[in-house]
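Following this line, the structures themselves.
The two complexes that follow have chain A in common; it is paired with chain B in the first and with chain C in the second.
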Partner chain A sequence: MALKSMTLKRVLVVDDEESIQKVVSLSLKMEANWDIVTASSGQEGIAQAELHGPDVILLDVMMPEMDGIATFEALCENPRTQTIPVVLLTAKTRTAEKRLFQKIGVAGVITKPFNPLTLASQIASLLDWPL
Partner chain B sequence: MPPTLEANKLSPGLTIWHRVVALQPPAFSGQTKLPKVLAQVVAHREWGCVLALHRNKVLGIATCQDLLEAMVRQDPSQLRLSQVVTRPVITVRQSKLQDMSLVLETFAHHDICYLPVVDDQDHLVGVIDKARLLQTLQEQGAAVQQRHQAQRAQLFAEITLKIRQSLQLKEILQTTVNEVQRLLKADRVLIYQVLADGTGKPISEAVVEPYPEILGHAFPEEVFPEDYQTLYAQGRVQAISDVHAPDSGLADCLVEFITQWGIRSKLIVPIVHPLKPEQSVGDAPLRNHLWGLLIAHQCRSPRQWTEFELELMQQLADQISIALSQGQMLEYLEERVKLRTAELTQANWALHQEIKERKQIELALRQSEAQLRLITNNLPVLIAYVDGDQRYRFNNQAYEYWLGQTPEAIQGMSMKALMGEIYYQTIQPYVETALTGAQVSYESELTFKDGRSHSVSVTYIPHIEEEAGASQIKGFFALTMDISDRKAIERMKDEFIAVVSHELRTPLTSLHGSLKLIATGRLGHLSEEGQQMLDVADENTDRLVRLVNNVLDLQRIESGEVTMDAHDCDAADLVVQAAEAMQAIARQQGIQIQTQPDSIAIWADPDYIVQTLTNLIGNAIKFSTPGNVIDLTVQPYFESALPPRPSNATFHHRHTLPAMALFCVQDQGQGIPSDKLNSIFERFQQVDSSDSRKKGGTGLGLTICRKIVEQHGGQIWAESQMGVGSCFYFTVPLSADSAA
Partner chain C sequence: MRVLLIDDDDALTALLTQQLTAQNYVVDRVADGETGWAYSSTFEYDLIIMDWMLPQLSGIHLCQRLREQGYGVPVLLLTAKDEQTDKVRGLEAGADDYVVKPFDSEELLARIRVLLRRALTEAAPVLTWGTLCLDPISCEVTYQDQPVALTAKEYALLALFLRHSQQVFGASTLLDRVWSSEEFPSEATVRSHIRGLRRKLKRAGAPADLIETVHGLGYRLKTQSLPTTHDRDLASPVQGDRQAQYLEGLTQAWRAHKGDSLERWNYLTQAAHILRTKGLTEQQRTQAQQMAHSLAGTLGTFGLMEGYRLALQLEQLLQTSALFSANQAAQFQTLVTTLGHALDESPQLVRPLEEEAPHRPKLLVLDVNETPHIRQMTALAVAQGFQTTMAASIESAALSLLPRSQNDDSSLDAPDLVLINLVAAEIDPLLDEPTQHLLLQFISQLTAVRPQLPVLVITPQADFGNRLDLIRRGGAMILEYPIIPSEVLEVITQVIYPGNRGKIMIVDDDAHHLQHVTQLLQPWNFQITPLTNPQRFWALFNEVMPDLLVLDIEMPHINGFELCQVLRSNPQWQHLPIIFLSIHGDAAKQNQAFALGADDYITKPIQGKSLAVRLQNRLRRYQACARSRQSPKLAG
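Up next, the complex of A and B:
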């Protein structure tokens, strides 16, 4: 069921997998009608974040060259992006990794594979956005 | 006893007659007037008689008494000697003096006191004074007696010496008969042995020609009746001078028997001696028994056996008895020595055997030890024995290969000295635990001689010995395995799984997400068949997602990566959470979930307990039919209050448990066959292999449940009745407050 009542949000999806970008984008558009911006790498993600100032960044962890953690740290160091909440979208589910994610201060972690029908509500829940 | 001249020599060359014959007797012519004679008699008071001679021949004899009586009767001055002497005069010829018995008999027969001795011409040689003769004889008899005793003692000593020169009984007996025969000049001397049946036989004999040998001839019992034996046993001595004499006292049959051997006279003395030592009973005095007889025979003529001979025979019989005793004692001792020698030989043999066996055992031990050392030295494991003072008493060669320390150098070294202070501090608790008698294992990092750190798994096995009913901890065996490779593989596996899971999850996420979005129908409608295929794809993608998630969960739990974040929580809350999480799915299936939770404080990781409950509820939903009810309960559970469990219930890691909470998920499904109850908690084990396809299960859910429960220190098991339903139980420790 689409979350039509949600306030329009802009979401930056950073994932090197194009298929994931597409599924996430379609899911969030269909379920919440959010505005979606995508990036295929960490560097591109930072640039898009600076450019678009999204309400949330969905950030994949395992990416070539600049992984999600490095990207997150760069975003945090960047005054223009450091306030944007970041939700990690990752297949990494090991306890140690989860602890690391919590430690570095991300807004939340959503594990792949996720349910596209509940993804928007999961994000809203993590960020305390009204549904 | 009539002495002979030969035997009566007082000294060499001097006979008794020199002492008793007055060679210058008071002799007068028969015509000599009596007063003259009397005057001489008065002058020679030693004269006992006077002789009247005529031409040096004895006419008559008158004793001093005769002379006195004559003087009383008549006027002596008118008398001549020839008128008062007695005549005819009894004389003895000098040549007859050889026969002392004749002399004595003459004295006795004629009742005279003086006996003139004449030569062959009847000329007077001298006069024998009876009183003097008798006195001399008496004196000489005593000397003879003394001489006899000395002689007998000497002979006896000689014989005894000869007897005792041998300990061989046969030789002793033969020596005895030979010596006795020689000494007594008997015709035959023999030793007759009395046998147990009353008969007997001569066993040693000395016999002179021409008399026949008796040796070897058995004597019938009749010639030696039992009463004889009794008498002899009591010490009877029998000396018979003439066996044919009416007063011999011998039975006719015996006389007849002995006559065939030409026996005329015999002297028999018994040989008695104590019974053999082994025949004596306890400490009772030794009892004499008749062993045999020492017998002397005279064949050529009857013989009057003298006292001396008799005593000699008796004493020799005693010596034989002593020799017998000695012989028997010797035999007994030899037997004992033989027996003891046999025992010693046996003991010696046994000792040799034991030594041999011990040597074999020692050899086997050495071989075994060598083999063991070979094995231990070639095992890629550090093997050591550490004593109660934490000092190494044994180390295998691996210590040199790994740590660069030879076993010889380590021997006696303390663990702290070998391992270093810092490393020792990390292992000290385990060492101390092992020395309390508990086996302990731990993993550690150890720096080898190459300077690299290796992961090691260490196990201490206590060495416990029973002493005086108490267990003594002597030390422990330390086994250290290099698990660096295993650790590396585990790390690689973890990495592999992490990578694979990511690489699987990424396309799976796309696939799963795409299908879900298409399935909403908001991207356009498919034909009925297309919609069916989409459902199949969606359903199986879900299944694949669950499988990947479960594989990762299980891997994390098994690798120890997951540590349960246990804390106090309310079991009822967890039950409610799990029920709510599964309520929507259950409702879709027309199944009701009921909860009757008691509020119980447990010590657990709530997320994992909820995961366990949802897994079990999910299972129950899969195997339930619409209208069924699933009951969720939790209640306090004490070890002593265990409900009776079926024999086929499955338990894992059953320990002595503290007070627990018992969770139960009960369904009304088809049930689980009893033979499956033991295996359903193993991975990919399902009641029906088609279940995974029909029910969309992964085959890992119950395994994950078991791992989670075990991580909490609990147990999990299932009970089921076919057609009625199943009940899955698991226990979780109560919080400390609840348990108290």
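Up next, the complex of A and C:
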């Protein structure tokens, strides 16, 4: 796959909290000027992923109704979204959980609170994108 | 506006809280005077409403204590007493207003508004320095009309510099003025906060040296003309601009969404109330846990790190406990209250891990009867930042403290201190024989396995024989019940940080020797003020107000004996420990020193450790005496 430049990335942020969507968008815009699409629930996230075909999906783990794991599984079963890498965003910090998340096939896990000045770099390094 | 309501009448406080909350006041409720004191001395309030008749410490006494300790917060006394003499007593004790029960809610709210307005108009006006402004009422700082988001400590430092714009502040003075006695910062902490403050001011466009270092003396505001565009460009590198831009966006987003976090916090407040009365259902517990989890995520993302840590602790408590003990319910309540205060902080950039929170001492409390005095003490400890674990049985304490196998490395996670309560109940404090025996056995076992771990014991039987027995079993400190919770915490702090923060002034005209002594004492973390010129003694002494004085004897102009005599001739300095450090080992000089009021006489050359231990012992006793002089009822 040809490596895209940092400025061309499109990121889908799925979090039920609007405030977190804003902060994540703010950091990614500021650091890498990426294009941001947001969704407030798992269902909306799947729909937006189908519509925009983002380069990566940042997915909150704890959401009401359809949580991050269920959303991830649905994305994997959907032929239009199954190749999009998913990075989980979670406030949980236990190592056991982190291992479990990695085992199900996500591209990476970023723990909240993240460093806003290096969030884009963290994602880029998880996905092996050039900086 | 934040209000502390202290009343043991549940129905009345529920109603009042509802009315005050409807008027947008944030209300903390506590039911007794001692907890009221703990809260009012730990948190900032705009108003305190208290009942006259309170358990443990009456409203009048609490009010007096607040005023004696310099707290100027407006106080409104609520009471059923309506004699003229009572009103006079209340107002003389320091209350600002007095409302007799039963009262009309509208009138009470009107009086509250009047008190708050009065307090605001009496507050200091906006402080300025060029285009830098600090508004003490809104707590906002701006540079060239642009908001500068500061942490509480940075704000306090800046306010101090602006209030005394001509003064140079040494690190130890800043420690005294800006940090509370419950915190344990070092001078490095001051430097790091000054750096943080400079960085933020610079990011806002201010000159990098607006707060300048005066070599060897400290820090002050720099007098200078306003920065030119060129200066400003130099002071704002790209990284700084990006951070400022991000911080501005963060602050806006927080303003727009703070309500969501407050709603979650409100849910946790309700959960804390339910916990105290009947206990949570499984559904309520899960929901509260989710609320705490989401709060942690949000607060961490916005850089409200104190709130983040508290929300994580709440989540953890809800995770581990299906059934809450009375102590855990109290701990939950305190965490929620403290979290409410943390929500008032401003957003900031998430700090890298190495700059994470300062060391928070860990306590393990073994209280088999879950007594109210331990519950209050724990609540206070949590509010003051201790990480507290409760053990309601010897087995659970043993599980965390005694190694399970030879290779057990649980000592890595060991607490800094263990508190063991040998009090059965408030009315009948004596434990039954078998329980007492098991607890004593546990103390022996614990101190044999962990000789370095300080064990503090509270007991109703503190006569000589029992004290001796406990000391032989390895107890480090024995406290006699009854004892008020804040005093237990003071002792805990003393044991964990012996001699720490003690202010020592050393006067010696030999600069080389002075430097040598200061270096020798460095590992003990005292706050040392060295002085080579005895002619500057009085000015510096009054500024530093040391807890201990070390004097050389032979010095030009004024010798050490004369300095000692001047101090001892003043009744205020009768108790101050004075130690002579001299090359003269002859008995005549030593006798003369003791006759003039010296407490100790050390002959040079000195050894670091022995000197430190002698100073530490003196300091500890002096600080304990100072405390009992301040609160004579505790001494009896």
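To be clear about the criterion, the second predicted complex is superposed on the first by the 125 of 131 C-alpha atoms of A that agree within 3 Å, B and C clash if a C-alpha of one lies under 4 Å from a C-alpha of the other, contacts with A are read in each partner's own complex, and residues count from 1 in each chain.
Rule of thumb we're sticking to: contacts are C-beta pairs under 8 Å (C-beta built on N, C-alpha and C of every residue); 3 or more make two chains touch, one makes a residue touch a chain.
In this text, all values refer to a predicted model and were calculated from it rather than measured experimentally.
Contacts for A:Met62 in the overlay, against chain B (first) and chain C (second): which applies, first, second, both or neither?
Once the two structures are laid over each other on A, A:Met62 reaches both partners.
A:Ile20 contacts which: chain B (first), chain C (second), both, neither?
Touch partners of A:Ile20: chain B and chain C.
Look at A:Phe114 in the shared chain and tell me whether it touches chain B only, chain C only, both, or neither; answer first, second, both or neither.
It touches chain B and chain C both.
Check the residue A:Gly53 against both partner chains and state whether it touches chain B (first), chain C (second), both, or neither.
In the superposition, A:Gly53 contacts neither chain B nor chain C.
Have a look at where A:Met30 lands relative to chain B and chain C in the superposition and call it first, second, both or neither.
A:Met30 contacts both chain B and chain C.
Once the complexes are superposed, what residues of chain A are shared between the chain B interface and the chain C interface?
Overlap of chain B and chain C footprints on chain A: residues 17, 19-20, 22-24, 26-27, 30, 62, 91-92, 112-117.
In the complex formed with chain C, which residues of chain A make contact?
These residues of chain A touch chain C: 17-20, 22-24, 26-27, 30-31, 60, 62, 90-92, 112-117.
Give the list of chain A residues in touch with chain B in this complex.
17, 19-20, 22-24, 26-27, 30, 62, 91-96, 112-117, 119
Where on chain C is chain A touching in the complex?
Going by the criterion above, the answer is residues 242-243, 245-246, 249-250, 253-254, 256-257, 260-261, 290, 293-294, 296-303, 305, 308, 312, 349-350, 352.
Show me the residue ranges of chain B that touch chain A in the complex, using the header's touch definition.
Answer in residue numbers: 494, 498, 501-502, 504-510, 512-514, 516-517, 520, 522-523, 545, 548, 552, 556, 561-563.
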